[in-house]
Every structure is written in C-alpha cells, then in structure tokens.
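The first chain written gets the first letter, and so on, giving A, B, C and D; residue counts start at 1 in each chain.
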Amino acid sequence: MRQTHASIERVTRITADLARVEVATDFAPGSIRPGQYLLVRLRPAWEPYLRERWTPVRFAGGLMLIDRPGDDVLMPGDTVDILGPCGKPFPLRPGAERFLLIVQNTSLTPLIALIEETTGAGKSATVVLEGEAQRYPPGELPREVEILHAPQAWGWLDQVDAIKWADQIIALAPPHRALERYAQLWSTINQLRAPAPAGFALGYFNLPAPCGVGACGACLVPGKHGDICACTDGPALDLAEISF
Amino acid sequence: MIEIAPGGKRPLTLHNPTMPAAGTFGFGGEYGALVPIDRLGAVVTNPVTWTPRKPAKGPRVVPVTGGVLVHTGLANPGMRAVIRQYRAIWAASPAPVIVHVVATGPEDVYRCCEALDREEAISGVELGLHDQATARDIADTLAAAQSATQLPLIVRLPLFSAADLAGTAEQAGAHALTIAAPPRGTVRDPASGELVGGRLYGPWIKALALRAVGQAAVRVKVPVIGSGGIHSRQDARDYIDAAGAAAVQVDAGMWVQPDLIKAVANELGGLDRTRMAGSLSDEWTSEFGQDE
Amino acid sequence: MIEIAPGGKRPLTLHNPTMPAAGTFGFGGEYGALVPIDRLGAVVTNPVTWTPRKPAKGPRVVPVTGGVLVHTGLANPGMRAVIRQYRAIWAASPAPVIVHVVATGPEDVYRCCEALDREEAISGVELGLHDQATARDIADTLAAAQSATQLPLIVRLPLFSAADLAGTAEQAGAHALTIAAPPRGTVRDPASGELVGGRLYGPWIKALALRAVGQAAVRVKVPVIGSGGIHSRQDARDYIDAAGAAAVQVDAGMWVQPDLIKAVANELGGLDRTRMAGSLSDEWTSEFGQDE
Amino acid sequence: MRQTHASIERVTRITADLARVEVATDFAPGSIRPGQYLLVRLRPAWEPYLRERWTPVRFAGGLMLIDRPGDDVLMPGDTVDILGPCGKPFPLRPGAERFLLIVQNTSLTPLIALIEETTGAGKSATVVLEGEAQRYPPGELPREVEILHAPQAWGWLDQVDAIKWADQIIALAPPHRALERYAQLWSTINQLRAPAPAGFALGYFNLPAPCGVGACGACLVPGKHGDICACTDGPALDLAEISF
C-alpha cells in the first residue's frame, strides 16, 4: 500500500446514476488485482470526510477506469489523492472454472474486474442480479458472461442447480446488510450442499473503511478463529470462516 | 522533550510531543507503510479490555457533515491475547508503546496493568474512563493500576467532564492526562435507517477539546496531552501554544490523510517547551469566551 | 398540542412542537418576511440580561468545517429596555412569546421575571444557565424565578451536563427543559489569527444533543424540548420519535435556510404526541451506544 | 427581503483571484441599490455553512454581475439560493457631488455599484486604494473615476486636502479590522475638520452575516444611541453614530 496522486482525464455518464471515470495514475495495469480497492480523497477538504472506495473496473489505454455515482463531483483536470492497493485479491479456488456471482441490491462494480478476468481466461461466469443490481447496464459486461435476473433474496437458490455446478460462489450485498445476507446464503448453501468446502463461498464486504490499514477496528467481521479485518484481509472473505 | 512520571521507577521520555490517539492507529504496525513511526513520540494502542469483546452489531460507521461517527464495540481479543499477538511488534517498535486500557472496573484494570507490567516493551499505560466516570471511579481506577504496575499512568478524560475531573485525576496519581476522548453522540444511519450511538470525529471537535484543554491545563501540573480533531499543523500548535498542552494525539484526521501525523510531528519536532507543564500562554485567560 | 405547566396559573399550550432557539431568531419580528410565525408553537427571544451588555470585541463569527462559531457577547440593552422596545411586537405576535433570560444570578433573574410577569403578551420564560452551573445554581435560579412570576419556567441546560442535571431541574420546579444550549468551543480566526471562544453551531451538534436528550428524557416527566443542530425534518423527528422530546427548537440551520423552520413545523404539525412527556420510543435504551 | 433562486450563466476569470459571475435572477435592475447585498447559498450542502455575501457590481443585458474569489466553485448551469436584498443603500448626503472612497486591504467590490452610479450621474468619485485593494483591476472601473494609490493607513489623509473638498467620505476596511480602522479614520477626520458633520463619513461593515435579518446579534456595532445592526441598518454606517 502506498499514497499517491492521480488525475482525472475524462468523466462519461453511462447511466443516469453512474459515471465512468478515466484516471491517469502511476499504478501499473495488473498492480491492483480483482477484489482489491483504492481509498480516494476527492479534494483537500474535510467534507465529505472519509475516503471513497474505488474498485477499478479495468485499465485501458494506460488509464484506470472507475465507476462511481454520477453526481458531477469529479471534473477532468481534477487531482485526487489515492491510498492503495488496499485489501487482498479474491481468494479464487485453485482450478475453479465455473463461477456463480450473486449481486443483491447494490452495484456489481466491485465484481467487474473479476468477471473480465475470468471470462478473459476462458472460464465461465454466471451473474445473478437481484433488485437494484439489475440497474447496471448489461452492455458494460463482457459478452461471454451469462446474466440472470432473480426476484428476491437467495429464494431462487434451491430452484436451480447452480450450487451443484458452480466451483465457487461469490456474493455481494449492500454493506449495512452484508453480514445478515451472507448468513442466509451460507445457511442455504449448507442445506443444499452440506458441508460446503472451505473457500467455496465468498462474501464481498464493501464496508465503509475509515482507515483501510487495519487500524481503526471499524470493519471487523466476527470470525470463527478471531475477528477478521475486512479492509485488509478482505474485502472478499470465506463464508466458512465467519462466525454468523 | 516531554517527561512523564520523571520521578518514577520507569519514567517515560517523549522525544516528540506527537502521538496517535487510542483507537485510531491499531496496535503498532498497521500504519508502518504510511507513517514514519520513529518520528513519533509514542504509539498509543487501540483500547484493550481484560475480557475479549466482539465487534458491535449493526452500522458502525456513519458519515456526518465534516466528520464521522464510529461505533466499534471496542472489539479486542482481551489483554492476554493482545500481548501474545503484539509482543514481538512492540519489542521492535521504533517509538515507545503506550497501551490503552479500558477502565471497565478496578479488578480488570488491576489484571491488565499487572500483565503489562511484565512486558519490557511497554513504556506506559493510558487508562480510558467511561463518559459518566466520577471522581470516585477515577480514584479506584488509579489505585488499582498503581498497585499493579510502576509504569507511567496516563488518564484519558471524557470531553464533557475533562475540565472538572483534571484536578481529581492528578490528585489520584495520574502522571499525565489525555484531554479528551472523542465525545459520544447518536445519529441515524441513512443506509439502514437505524439509530447508531458511537464516538464522533471531525475537525470541529477541536473547538470543543481545545477549550477543555485550556480549562484543564490551568488546574494541573502534570503534562496534558491535547487530543481531539487535529487536522492541521496549526491545530496541533494551538493545543500547545494556546491551550497549554505538553503533547498532542492525532486521531481520525490520519485515516483520511495519513501524512497528517508526520506533518504534525515535523511541526512540533523542533519545539522544546518553554513553559512548565500546565502553564498557559498569554493568550488564554480563565474566563476566556465564557460570557458569550 | 404540548402543555407546559398545565396545572399552573398561566399554562402554556404549544399548538405546534416547533420553535426557534434563543439567540437565533431575534426578539419576534425579525424573521417575519421569511417565516410564517403563526405556524410556530412559540417564539423564543434572544437572551436578555437585567443589565445592558455591549457586543463582544474582536472576531465574532468564525466558520468551521460544516458549521460556525458565534460569539455575540450576549449584547442586549437590558430587560427594561427590551420590554419597552418589543412590547408592541410581542402583543401582535401570532405565536406565544417565551423570553430567554440569562441566569446571571438569582437577583437578576428575580428582577427579570418580575418585570416579565407584568407583561400580558409574554407566555413563558426560558432560563439560560451557564456551562458550569451546579445543582445549587439551578435551585437558586428557579427559586428566584418562582418567587417573581407565575409564568411557565423552562430551563435550558448546557449540553455537557444536561443528562446529569435534568432531574435536578425538574425537582427544583422547572416546567420544561430545553436540551441543550449550544456547546462552547475555541477556534482560531483565520482572518485575524486571534483565538475566539464562543458557541458552536452546525449539523454535527445534533449527534451530541440527541444523545443528551435521549438520556435526559428517561429521567424526567416534564416535557423536554430537543435543541441542537436540527437541519432537516428528519433531524426534528429524531428528537421526538427516537429521543423522547416533546418539542424542538431549530437553531442556526435557519440562518442558512430560513425555510427550514417552516418545513419542520409542517412535518411536526400533524403530530399529536402519542406518549407521555419524557417517555421513550422503542428504539432507545438507556445503555444505548455506551459500550463503544 | 425575499428568498429566491438564480442560475449562473457565465463565469469569467478577470484576475488570478477574481471571477466575474453573470447571474440570471428575478431581481429587477435597480431593485438592489448600491450598498445593499445578497446572502447566497452556493449549494444545498452544509459546507461551507454560512451564506456568502454578494454585492452586485451592476446589471447588464438582464443579468446581474457579481465579483467573487476566482476559485472555480461556480459553474454555468448551477443554481444558487439567494436571500435579499439585505441592508440599506448607502446613506448619501443630499446634494453631495464629490465623493472620496477609501479602500484598505480588501477588495473594492462592495463600492463598485456606488462608483458607477455616482460617476454615471456626473458626480465626481476619487478612489484611494491601499494595500491589497490595489490588486483590483483598474480597467473594470468607469473611466471618469480618479484612482489614487496610498501606502498606509490613513497616514496620507493630512497630506492632502481631500477632507476639505469631499462632500462625503466612504471607507471600506477588512471585516476583522473594520471597527479599529474606522476609529482611526474618524479621529483623523475630526482632527482635520472638526466637528465633522453627521453623515459626512461612512464606514462599510462587510461583516460575516449569519442571518442577515437582525436576528442573531453577531453583527452588532456599538452605537452612541444603542447598538446598531450592521446587517440591516448597514452595511454602510455613519461614523458619527458609532461608539468607538
């Protein structure tokens, strides 16, 4: 992790509430792995106070691409202050070929880099979008990805045999509901495929990160073997390790 | 150079009047990649209790205008586990380590201090009082700590009662005072709609804490460590030059701008104090701003 | 509808639980062009002392992050002149008028209340205590006020000691409590470089005051008027629904957005309280947020 | 006074630290008199907290022209919230023909409307700029105005016979020094032309105005006959009425 500056090169609105920001940085492509994130201070004021989480979508033409709320805060020419890379890459299971990604009522932005990398490597990714997550523009995703729309929380899981064919499940729920939702998911998974192997199901904890270095204790997730620091050990955590 | 408990068996010398506040810096190594820890006067650890505590349930971080409310639940694996886990890091620490002990009761404080007393790598104990702590609580806490250790004892006072309790804590044997712990408040988390109680952080805390430090520093002779809302070098200078603090603790500002504590340490680094601990600069009078 | 001192000789009925805080709204007419005063439950005047006071010297308004420090010096021409100057405006006021009396001492309070008691147009007195007020000060202040007037007496408690002193004020005869007065702090004015002490205003005050109201409301039966940092309708609702207040005072937010007090009055206007004064909604427990 | 909205039509930088903002408002030209001001909330956030004072420079082409620090906060298309007009116009002496305007270490923006009106009406205006005030671009002022540069606080006043020929003196000092500076000016004037007649010398109190309606008491100036509310009775106050 290091602290650096970056400059905003272009801001393009891709939906009414989402903007694609192109950022010139000294991070090399590949130096921020899928799952890792940056903590970004948009301007040298104390409002907003905390840094914003950025999960790069991809690098293109030497620029880092970021999706963020389309609220006109950033303008080309602006300089932002970046801490990163923060956290650990998705702990993918060795040999996993078929990924089931489930996004509930939040933007799938944090998963896009993973989707691109897995489909790019010829692996299969099925993305299930629930609620708000369905607002993400499908045209922004690789063509190879299969997109399903699901009506409500994990309810469909026992209807499909996804749990049987998937090599790994990765879930993303809004930060304030994450623990509760992942608990439901984990219990459903264990009913359908008990006992689920270690590392089979990951939950992405997109929690507010005051410090991002494991210092403030605001992002601790109760673990079976001591508390887990979501900002440094996550954001993606093995649901088998969590003490729900 | 600040001396804490200079007459005691294990006096503590701070080579720089700058340190992080408990709860903001982890247990010693977390900020190693971003902060030159050797420039700090000391490292103050996150709060530790005798018995382990789990993270708070529900929302724990809620932004407010120009700041943030944080409610951690004081999660920690308990003093014995903390010592096992961080002993090696403390031994290698380039700055003296002060462990923040939550004063959950005299017996717990006794056990924590007794355990810390055996650790060579520990240079001091900061005792965190709860918001409603009375003069009696302070006396009991310090008596328990003193009977367990010869380490310098710093008492962190609540913002709202710091000025009133500073004299009490000094008389009860505190070797230094940290003023103040961040105040508690209650906000509604916009994401979940829930009410969340916790500590408040932000630049505006400085106005409240600076006043409390100024009021307390006239009443005691032990060093006062000013803490609350430092977000610039000038903020830190104000604690020392204007309010009479001997040292400062940088808190949440460092989360947003890790450079901050380095800037403060550089700013205060050349600064040998020219006054007695607790004395005041010309600018401060005891009625200061009282009459509206 | 809120009843203050319902058993007394001059009970005060608020038809809307919304009023301005002392020091933010002038003496009655100043906001007439911008605020529909007839929708407010009452108007609380700027602070008045028995003897005239001049404006503070030096900087009096210093912006802070997300707020402002104001140091007026409590300038006012003294109670007799205030009554002469504003009597006609009060007589024509479309909302009940509560005069804020600064508790500079029992004799002054007696004289102020005696003078106000003769004014038909006055519906209540709010007594402003100083930050260090003790239980004894409260008792003396209320005894002086009670011996001078039958008007309902509202006591405005300092933020830092509100929870502790609420019971004391009720026992001493307060008919309602305003919690809390804006806290005092000290900032450096960037324009002049001077230190300035004064009261702090801003949205983040709400987190501190909401907690104090929640703590106090469980301890008393008289109505609690929640005050501090209201900057939205939801903020006002939180005081009533979550913290157990019977009414609210809108303060500095109105300076920036004069519409605010109207929006709050409309929001709370339909709201008949469904609980006893001082009782709490389900959301609040007494340990709320205590343990970090 | 009323509350209204206005939209930013154009922002032009006229010096490194000054921008000219053109604002479409429902205030008619002439409805804001020289000396009066507006209190403006730039955006619906609470940071910065207080409203900003705007003293219109003039109306042109149906737009209101404002000078403000050139810090890029405002963009064309932005909407601002306005309270106004606040305060009273300059209390000009009946029949006054020759005005001496003195600006010390602050921008002369609040005096420009007055300068334009007086010179437009064929009266004479001499502007003395001290310190920082000299940074104001002279090209922005009417050609008829006489501009003098003075080195230091009122020191030059006894060197010139301005006090004798001027029908009215209007001074502008930075808010945090205003009272002290106007006291010095008033004492100098009274030494040179004692007793100075009522209304002869005005001081402009560009004080921070939390409320602008006389409610908060933060802008009171000690007066000989009771305190004077600078936000409603000023900003320009008769120095003869002030209790220094």
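One rule holds in what follows: a contact is a pair of C-beta atoms (placed from the backbone, for glycine too) under 8 Å apart; a residue touches a chain by one contact, two chains touch by 3 or more.
Values in this document were obtained by computation on a predicted structure and should not be read as measured data.
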Chains touching both chain A and chain B: C, D
Most distant chain from chain B by Cα centroid: D
Geometric centre distance via CA averages, chain D-chain A, whole Å: 54
Gap in Å, rounded to a whole number, between the CA centres of chain C and chain B: 33
Chain B and chain D, separation of their C-alpha mean positions in angstrom: 47
Junction residues of chain D - those touching two or more other chains: 45-47
Residues within chain C bordering two or more other chains: 64-67, 72, 202-203
Pairwise touch network: line, ring, star, complete, or other: complete
Contact footprint of chain A on chain C as seen in their complex: 65-66
Of all residues in chain A, those that touch chain B in their complex: 1-3, 41, 46-51, 81, 83, 174-177, 207-208, 210-222, 226-227
Chain B-facing residues of chain D, complex: 45-47
Complex contacts: residues of chain C adjacent to chain D: 23-26, 30-31, 33-34, 46, 54-55, 58-61, 63-68, 70, 72, 75-77, 81, 189, 191-192, 201-203, 231, 252-259
Residues of chain B touching chain C in the complex: 47, 56, 64-67, 69, 71-74, 130-131, 159-161, 183-188, 195-200, 202-204, 206-208, 210-211, 214, 234, 238, 242-243, 283-284, 288-292
